[in-house]
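Scrolling down, you'll hit the structures one after another.
Two complexes come next, and they have one chain in common, subunit A, joined by subunit B in the first and subunit C in the second.
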Partner chain A sequence: MSTNFSHTARVIRADQVTPLIKHFSFERVDGKPFSPFSAGSHVVIGMNNGTNTHKNPYSLVGSSNNFMEYEIAVRLDSTGRGGSLFMHNNIELGSEIQIGNPYNLFPVYKPAKKHLMIAGGVGITPFMTYIDEMNLMHSNFELHYSVRDFENGAFAKELQDKYPNQVNLYIQANGVMANFNEILDNQPLGTHVYVCGPQQMVADALRIADEMGWPNSSVHSEEFKAPEPGNPFTVTLAKSDCKINVRSRESLLEALENANIEIPYSCRGGACGFCKTEVIDGEITHRDYFLTDAEKASGNCIMPCISRAQGDHLTLNI
Partner chain B sequence: MTEEISEIKSKPVYDILQYDPKSRSNLLVSEGNGLVGLVDFLNGSESIPPSTINVMCAISNAEPLNPSSYISPDRCNKMRLFDSVNALLEDLPVTLSNSQMGLRLYICGSEIFLWRVANLARAAGMHKSEYSMQLIGSKARRVYCPHCKTTSEEVTTDIHECVGCGLSLVNCDHFSREMGAYLGFRVDAEAHGEIPERKELYR
Partner chain C sequence: MTNVAFKKPLETYREDFTYANSEKAIKRFPFPYPEDQYMYSVNMEHHVRGETGSIYENTFDVDEHYLSEMEERRIVLEKDPDRFVTLSHMDLHQWDVLELLMESFAQDYPKYFSLTKDGDHWIWENHPLGIKHSFIFGDKSTLPCEPAEYITRQAQGDFVLMDQRDNDLYADTAMITCAADWSVPFDLGMSFMEWHGPVPLAHGMGVFERALKYLLMIRLGQPVRRLNWTLTINSRMDTSPEVYHEWGHERGSITPENVGEKIHLRVEVQTLFRLPRSNGMLFGIRTYLISMEDLCKNPLWAQRMHRVVKSLHPEIMDYKGITRYHKTLQDWLSQFDH
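For the complex of A and B:
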């Protein structure tokens, strides 16, 4: 097991909160508290299906004041690489998984005068801890949450019941769509906006905020990509003097891990920068959000969690 | 007097006011002769819709200017005059708290004024990319004394006596944006009582 994982945890609750979203609560098997975390943090869950280990990042959705439990919500992606399918079909009450330490790539900007959250679908998850914290701190906040239909809106009813004045629900099946121009208009000076959801929704909200004169520093978004399959290739490790084959449906990071090569990681979605690795030879297809355009153009580093070789080989300086 | 370019990176460098075309509304704030900078800015940015422009000017009695004769009423939505800098600075937080995202703030005046306004803007939740400043007028400094934690106002000489502890401080170009003040330190720290002659540098 990778040194990146710190605890073995057991499922103490598993609820199907919508047809596609399953809500899990975990406790440590050694009975000790988990690490404290700040609102917006994620953890990587490791699950072993007998042949290999899936490692997926999930936002923590439970209260940041309860150190005895971690909670996550998993959306089923039946066309994905199998991690969420495994969580839905095989992880149940009493199951044991591995859980990493929390890391926050999407923190709340606490000095903001007002917090405006825009969520789409399972993008609601980081805002569960945001709202909990903002409520405790008596911060001014507003949530705009778009869901396909009420049945598929995870936590929609509990949020609406608890915060009727702050939560605005947009149910697309009823023809109600969030209008970002209206949401972003007339917000008080000092407001920060946070966006989490499908790629197109995030891009639209960011573009409209920019057009409406919101400075980049007041606009925050979170979007993890999952590694996409690609052509198989061979990776040569210069320092360890060995060759590894990367299969079509596994990421470079996963191939290295399967060969017992330890690389630090956190988000596994091209955002955090932990797994940045030096490349000595070979063309790269960059898919991450982390490297600058100049770094990508230089061709001498790669984020192995999500990026691949363009051709049939890469040489890494590890 | 020629001003040497400081090697100290924290010393602010000022430019002329820059219009941000993404702004939804524009608040122009000046003190004394800083009004001249606002007028130049408006003359150079004719595309700014007048309905988006609000002006606040502090007019000192010592150097009377008549802003109305410089900025025509149809060039802005509203122009407000204050008979002192303090009156303007007391009003500004209220004005900012009634403002919306998309506001850009343009500040012109003495260096002390620029940073007093910038700090009110920051307290109102504005980021430095949302305001622009131009220095016209006094370069007199606020100087922070690290020995007694007092800040002396309107210092024009390289060496001055701290208003808090009375030590003779030499001020350097290390600048704190948070405090809007330069750092002073005891000029005779190594040889007590040896105080060099002071020179007026910041007028």
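For the complex of A and C:
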């Protein structure tokens, strides 16, 4: 098992909270508490399906003050690479999984005078811990949450019940759409905006904020994505003198892991920077958010969690 | 279990300077030079536990000077309460640090410290300082002062709590009573680059860009450390700009006769911990002082000290305030390097 995982954990609750979203609670098998974590943190969950291990990052959604349990919410992605499908179909009460330490790529901007959250669909997940923290710290906050229909709005009812004055729900089936121009208008100085949801919604919100003159430094979005399939290629490892085939539906990082090569990682979505690896030869298709434009242009490093070879081979200096 | 022979009566870091290291303290001193020549580098390593008796045996080192250093901190704060400063968005960071220090102390030194938790109701006992206090974690009104001030009045070394935002680290809370010539009220709220602005040479070498990128990625449960050093006249902990009038002139007091006794190598063991609840960072600066006389009891250290001092870059020498007595020190050290 990868040293990237910290604990073995057991499922103590698994609830289908919407037709597509399953809500899991875990406890440590050794009975000890988990580490406290900061709002917006994610953990990587490792699930062994018998032949290999799926490793997916999920936002923690539970209270940041109950460390006996960690909670996540998993949206079923039937067109994805199988991790969420496995979580939905095979992980049940009593199942054991591996879990890494929390890491935060979407932290709350602490000095903000007001926190304005814009969520769409499963993009609500990081805001569950945001709201918990903001409530605890008596911060000024507002949530605008768009869902397809009420049935598909994970946590919508409990949020509305608990924070009727701060939570605004937009149910698209009822023809109610969030108007970003209105939401972003007339906000007090010192407001920070956080956006998490489907790619198009995030892009729209960021574009409108920009058009309205919001400074980039006051607008935050959660941007890590799942690796996309690509052409198969061969990778040569210069130091260990071996060759590995990367299949079309697996990432370079997964191919290395399946060959028992340990690479540090956290987000597995091109944002955190841990898996950065030196490239000696071969053209790269960069898909990450971490490397600078200059680093990408130099062609001598890759984020194997999400980026691939442009041609049919790469040579790595590992 | 770690046993510590706390120095009594208390030693002083001012006026009559009764501070002194025992044989044991000399032996475990963190000698900072890996080579005969010193230059800035990103010299960070994982903060993992070291050998029994070494300064790295425990997460935070409590040594024979504990009681004396805490009294020195009390004196400095009494004269100048601004040596502890904090900004209003730092509450979570402060509780994080209180928890980290209390848990580490209680786990590593059960003979001296204990922490009992019943939900949010905590009882903290510090036997050497005679403290027993019940409080509610997260409720400031149950502590006599700010949480970070409370616990760092009971922990050796200086502490900076950094907030991480905009891919940068901001020095937004600090307890600094043993500063090596920098001012915490002046630096409060500064970004990483602003804070390190005065350091010569290293900016052009790209040291700070690389260091910052590395620090931003420090993970929970995987702290790192590095060593930093300077020289101080007398065993004075508080060499801050606020009291420059008390110590600045001492640099002119060095003669060939008093080098060994007066000049102290001042080593900072700097540690960096990711803070869990706030996603901030704790920057610990644990200062160790040793007189040249005591340092040179180790022939290898004495020889290397001479070579480092002899080859020191003039800009670093100036920045560290060594220029005025450099030649006297070098001449004195040359007796150990044949």
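Everything that follows uses one rule, which is that the second predicted complex is superposed on the first by the 318 of 318 C-alpha atoms of A that agree within 3 Å, B and C clash if a C-alpha of one lies under 4 Å from a C-alpha of the other, contacts with A are read in each partner's own complex, and residues count from 1 in each chain.
By definition in this document, a contact is a pair of C-beta atoms (placed from the backbone, for glycine too) under 8 Å apart; a residue touches a chain by one contact, two chains touch by 3 or more.
Since the model is a prediction, treat every value here as computed from it, not as a measurement.
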Q: Based on the superposed arrangement, let me know which partner A:Asn56 touches: subunit B (first), subunit C (second), both, or neither?
A: neither
Q: Considering only the touch criterion stated at the top, classify A:Tyr103 as touching first (subunit B), second (subunit C), both, or neither.
A: second
Q) When the two structures are overlaid on chain A, which partner does A:Pro111 contact: first (subunit B), second (subunit C), both, or neither? A) both
Q. In the superposed arrangement, does A:Asn152 touch subunit B (first), subunit C (second), both or neither?
A. neither
**Q.** Partner chain in contact with A:Gln166 - subunit B first, subunit C second, else both or neither
**A.** neither
(Q) Looking at A:Gln187, would you say it contacts subunit B, subunit C, both, or neither? Reply first, second, both or neither. (A) first
(Q) After the superposition on A, what does A:Thr18 contact: first (subunit B), second (subunit C), both or neither? (A) neither
(Q) Which partner chains sit in contact with A:Ser218 here, subunit B, subunit C, both or neither? Use first/second/both/neither. (A) first
Q | Which partner, subunit B or subunit C, touches more subunit A residues | A | C
Q: Figure out whether A:Asp210 sits in contact with subunit B (first) or subunit C (second), or with both, or with neither.
A: first
Q.
Considering only the contact definition stated at the top, list the common interface residues of subunit A for subunit B and subunit C.
A. 111, 217
Q: Spell out the residues on subunit B that touch subunit A in their complex, using ranges where they run on.
A: 20, 22-24, 96-97, 99-104, 124-127, 129-130
**Q.** Touching residues on subunit A, where the partner in the complex is subunit C
**A.** 6, 35-38, 40-41, 64, 101-104, 107-111, 133, 136-137, 217, 266, 272-274
Q: Can you check the complex and tell me which residues of subunit C touch subunit A?
A: 87, 89-92, 96, 99, 138, 163-166, 213, 217, 219-221, 275-279
Q. Within the complex, which stretch of subunit A touches subunit B?
A. 111-113, 184-191, 210-218
